[in-house]
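In the two assemblies presented below, subunit A is common to both, partnered first by subunit B and then by subunit C.
Right after this comes the complex of A and B.
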């Protein structure tokens, strides 16, 4: 937008730039839009997680010393929180992706189905994350 | 938690708006300042404060004009039940310069679509009692503003023209009308009722960011209305025009459109139907 012209009187035939009504700044967050944003963010987190995974594999291939360093980092509380976040992001993105696949077949578009599947994605991700970490603890003990 | 109809208001609200700064990504000319407060008449008992977006393209002092948010105290005992009644009460009794579009006052014409309490609806079918304690009223989110609550729909209607919303046939005109079976006619249900108020397009984040090239839910619903018409012979031509990374495929199935439609239609589903038809065409 040419903001600088705003003060000048509009010449004949010349349009004064119009302001735009706010959008994201005022629009109410809804399950629809929030889950869309979440799907994007979890995608970004998983991309970053994939880099960490590669670092871990490279360390494993480089020998026991390098592997011990990365294992220590992963075992620290920061590493554990990051792993937990990545697990949750993975399941959210997975369930969200399945929801989108179903939509691509033109099913589940009634508003109640949109909301129900949205909450199912959230609930299923929480349960799957709990199961994954519970299973890990059980196997580890 | 589960919304069954776009008519339903959110029961619990964690966030009234996304946690971003008020002026985040907003050009200077569109930033909104605090306006003045217009007090209720002294004898008013039941009062509701409406925060209304104001923009004057031709200020009397000739100086730069930027949008502002005025507060109007409305006497509810002197005013009809709908948001539109409150706005007209303001226009008749407080500030006659308040500018808005309205026509049918019964949800048929789509003129008074605006963003109230952060969601899009028609002012004539939204009860004042369903609005928050101090409701905000903006012109359609993300649309350019001509004056106050009058948004500039030029671009939206230009996008509507892109999909060529008329019957295209290859056969000779019949003696009387072109006939359609009851079943074929039923395919248009939920699509022909669109009143082009652009509530959905204005609520679509994809259209906020890519509105210059993405056609938006209202126009794509209309596109499907013609693709689904058994009398229309231009299916391939219509699909060719939509086969574009932006025009159709900027829809990421966010579904704010279906959530906000004041006619309870389903633009999200219409777009999915188009995408499916596109897939089937490729075999």
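Right after this comes the complex of A and C.
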């Protein structure tokens, strides 16, 4: 790492090292960079959630016994914690994704707009997660 | 540059065309956006359904999924979700994995997404057409 990868002139017959991505750990975390990383991590979490969705559908198609196994696993406290984490990850990825789609229209790139939309993503995800679980508790009682 | 020309009479531009983002980058970028837009209403529908039908019995859940609008929405959700997952996780693999592990991971990802999209769709259709 370090100097030997940066701009050292290649000697004849020697492969010049490719430039590397910035080493993230040397930067102070900022809302912009943290949300970028979060969008990626939540995407990976939701990929696992999509696999659970398929398992759930296949269990339901297999019959009441298999369905009951999945329902019991979901109702356990580990299942509930994972479902809550998936809910929050889903809303973060949804709101972050909408922010990306707005950027794709070449809007909202001013520094203040980037920070404003970033905090909106965080706030909206918290509120939507609370609404989803509040609504669930209200309907379930 | 001189080394390049000594080996190959093709211009650097001709050498670069067909590699990297000039090959399939735009199609990948566009497909990720299109599947994202499809997933906005589909995932919100699914989240609402989860809230409304939490703790449903097997009979209640299958009766709900059997309604044509729910069958269609679930199949669309599963297909769009695994299309989007395949495109998104591909970028993560390409960024962080190298050498042969990357190749194996990309093949597994592609096959896994196709298999899971089909499994989810077929399970939904099996419920819809069973009775």
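Annotations
Here is the rule we go by: the second predicted complex is superposed on the first by the 119 of 141 C-alpha atoms of A that agree within 3 Å, B and C clash if a C-alpha of one lies under 4 Å from a C-alpha of the other, contacts with A are read in each partner's own complex, and residues count from 1 in each chain.
Here, contacts are C-beta pairs under 8 Å (C-beta built on N, C-alpha and C of every residue); 3 or more make two chains touch, one makes a residue touch a chain.
None of the values given here were measured: they were computed from a predicted structure.
Applying the stated contact rule after C-alpha superposition, one finds that A:18 touches subunit B and leaves subunit C untouched.
Look at A:112: by the touch rule set out above, it reaches subunit B but stays clear of subunit C. When the shared chain is aligned, subunit C comes close enough to touch A:135, but subunit B does not.
When the two complexes are overlaid on their common chain A, residue A:27 makes contact with subunit B while staying clear of subunit C.
Once chain A of one complex is fitted onto chain A of the other, the partner contacts of A:53 are limited to subunit C, with no touch recorded for subunit B.
When the two complexes are overlaid on their common chain A, residue A:43 makes contact with subunit C while staying clear of subunit B. Using the contact criterion defined above for the overlaid structures, shared-chain residue A:104 touches subunit B and also reaches subunit C. Once both structures are placed on chain A, subunit A residues 21, 100, 104 are touched by subunit B and, in the other complex, by subunit C. The touching residues of subunit C, counted against subunit A in their complex, run 3, 33, 36-37, 40, 43-44, 47, 50-52, 54-55, 57-59, 61-62, 65, 74, 78, 81-82, 85, 88-89, 92, 95, 116, 119-120, 122-124, 126-127, 130.
Residue ranges on subunit A touching subunit B, taken from their complex, read 1, 3, 6-7, 9, 16-33, 36, 100, 103-106, 109-112, 114-116, 119.
Contact residues of subunit B toward subunit A in the complex are 1-6, 10, 13-18, 20-30, 32, 53, 55, 57, 62-67, 115, 117-119, 136, 138-146, 151-152, 202-203, 205, 208, 252-256, 258-259, 266, 268-269, 272-273, 275-276. Across the complex, subunit C is touched by residues 12, 21, 40, 43-44, 46-47, 50-51, 53-54, 57-58, 60-61, 63-64, 67-68, 71, 75, 87, 90, 94, 97-98, 100-101, 104, 132, 135-136, 139-140 of subunit A.
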